[in-house]
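Chain lettering (A, B, C, D, E, F, G, H, I and J) follows the sequence in which the chains are written, and residue indices restart at 1 in each chain.
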């Protein structure tokens, strides 16, 4: 099942720059892994914001929660909106969605 | 450039059932054509609603407007929200986005 | 997977009273069937409104959409909000959720 | 009487990790007790958030307030929305609601 | 248990003036009866609107729904918001609330 | 004139427990006094929140502001919504409102 | 006591042009009378809309409701928001407010 | 041109009481000056809040911004909403607006 | 003075196609005239909607209202939001704004 | 392609005045450069707020994000809303938009 997820991040005030750098590096590696496993399908940045829209694939909401809460940047995700998606007859997905 | 578009439809009250049927058939054919041209990238139904989320590709907002307003069901799209999307470093797009 | 669904209904203006009566009877029978199949888990009325909150079970959002759109009163559901639910460690569900 | 309750939590900034751990352990034990007494009927996690939806049973809003304000994590519940629920004719509750 | 209820009314377009007059008369008589039974505790008009705020008393949300849906003007109540109320330590109620 | 007032409170972070205790005690005594003077007519707690709904009586908005801003807990009232109330023909007030 | 009132109007669909003209004429005459009696203190048009902001004076919300509901255009006031106003120490009112 | 302006203030946490006192005194003197110059036409307090509604006069939005940002309390104005006002035919302004 | 204006249009149901065509032609001619007079500075279409964003120039809100309400399509402007604009130090306007 | 962008800024609490001064100077120089390159088309201040509306030009949302996130004041932009703009038939743009 696919989910459309809108995530807003915000670093803590006075966050240690090294920690921030490490989180960013870890996050990228983690995302690449999730993409390879087929969980992260697409991701875009919202222009002008520290926010993204992503298409995610998981067995159900429980697995999606495990995936999102397992990300290195999860503690800084100040707002997460999950939209459950149903198959649409005209969807040109290049894989069995 | 890609756009995330959220479209809500509502048929007119007392709409002729034949017209409705024809619009649905035309819309599907038109969507298939847009998918083939690379304009319609993905489309999902919002569960329980006559509403969809779609990923669209167009040169700019002007071309996107032409594409959307050229759809057979356009007169019944009562709400259209367009979110411009920027490239994200971790996007696993299977094509040059 | 379970979903929390909030549904608002509104009959059409000048609706034929017989049709309305028939829809109500059919809806009740249909709901009883969905309960027996395990799709409709719980349902409550919002006091003072023609609106309900329900706990539904379906394989995914696609099946949920089929269930909801197959109900006799679906054409009069003017607003449907679907909240995907993840397992919580303290949930006292009397069955394997 | 049953209530649908939506609770959002947020730990204090710079919260002592031991205190946090203790609250989590106490909260789970407390929730199990409330479930046994029939006050906590169901509970789900909102995917991607530190937020839950719960079905609660109490004599009235006064008792519900006592139950919620008596929970170990109550000081960190930054938003609590209570929806009073009325019986619905098609509710398949496995117990007298 | 007491409830704070905010009700907005709107007559149908082209409503028969006689029917409207009859509903108003019936509503007043019905409200007086509900007040006598202790269900309607207080009622105020929102200035400039066809809307009221009321304090209602009922065993639970199920009884409140029966009371509200039994009112002559119920079909014209286009919006009803119910706020469940808990006892407050400083409430100067002139009766056992 | 009567007013419906919705007040949300929030203690300061790291507030001195003794100060908090003193404010609570003073607030209760002050509220009892306002009730005796006929300014505080009714007060309820919003279940699960540090928030109340109250019916207040004052000559006008200026006097209401003096009453509210004179309360010991006023500096911690983070949100105050005032709804002016007009007499309703069916109000069963047990006193001349 | 003064009130800040925001009124939005909308004529009925297919309204008789003569009726509309008469309402406009009556409304102006009525407003002039209310101004002379000191009830209507100021009135402005919201640019681009059939909406106004006004400063009104009345003994209380009950009298304000009588004034507003007695206006010829009242049946076409689709939204009325009333803000109760308290005296401000720096108000340069040219009369005893 | 006149503007309706809604201003919400909030003192900084742990603000020096002397600074606060000085700002209040300066603000009053400054407001009196603006009233004399014809820029501040009316001002009211929102009951129960540290917020005001004011009628202001300025050549255009640029001058209004200079006036507002020149006030001693400007750094504590956490929300400012400006509504541009057009002349209304029935406005009983006691001066050429 | 410049204003940012957001206008949403909606044709009447069952509107005469000839009338609609005439309004569109008149509107374009009228807009060209307003551009020439310096009142209409810029205009864009919101993609996927019958809605526009425009930069307008007028002496004040009263003149802006006259301009907007004098447009052929004014009766079909179902929502108009006017944002007053102040000069910004970095504005690269190619003319004296 | 043009974008309408609404930016709200907020300096950090206890920000070093010298840093603030330097950011303001850098921001102005940077904006002048963006104007010269044709990226910043127009900019206005929202009266009474530390907020602006701007018309920006960029190849797509990705380039717009690079432009906005490259500004000296970007870390203090607490809210950025981007509206994609399509060509309108009546736009009097003094250049090929």
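Just so it is clear, a contact is a pair of C-beta atoms (placed from the backbone, for glycine too) under 8 Å apart; a residue touches a chain by one contact, two chains touch by 3 or more.
Note that this is a predicted model, so its numbers are computed, not measured.
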{"item": "Target subunit J, source subunit F, minimum contact steps", "value": "2"}
{"item": "Labels of chains that are neighbours to subunit B and to subunit G", "value": "I"}
{"item": "Set of chains whose contacts include both subunit E and subunit C", "value": "D"}
{"item": "From subunit H, the most remote chain by mean C-alpha position", "value": "C"}
{"item": "Identity of the chain that, by mean CA position, is farthest from subunit E", "value": "J"}
{"item": "Superposition rotation for subunit B onto subunit J, Cα-based, multiple of 5°", "value": "180"}
{"item": "Subunit A-subunit C separation of Cα centroids, rounded to whole Å", "value": "30"}
{"item": "Chain centre separation in whole Å, for subunit G relative to subunit A (CA means)", "value": "51"}
{"item": "Distance from subunit B to subunit A - Cα centre to Cα centre, in angstrom", "value": "23"}
{"item": "Per-residue multi-chain contacts in subunit A, two or more chains", "value": "3, 45-47, 61-62, 64-65, 82, 84-87"}
{"item": "Pairs of chains satisfying the touch condition", "value": "A-B, A-C, A-D, A-J, B-C, B-I, B-J, C-D, C-E, D-E, D-F, E-F, E-G, F-G, F-H, G-H, G-I, H-I, H-J, I-J"}
{"item": "Touching residues (chain side subunit J, partner subunit A) in the complex", "value": "3, 5, 7, 12, 61-62, 64-65, 68-69, 77, 80-82"}
{"item": "Residue ranges of subunit C in contact with subunit D within the complex", "value": "2, 4, 27-28, 31-32, 35, 40-47, 52-53, 55, 83-94"}
{"item": "Residues of subunit B touching subunit J in the complex", "value": "1, 3, 60-62, 64-65, 82, 84-87"}
{"item": "Complex contact set, residues of subunit I against subunit B", "value": "13, 45-49"}
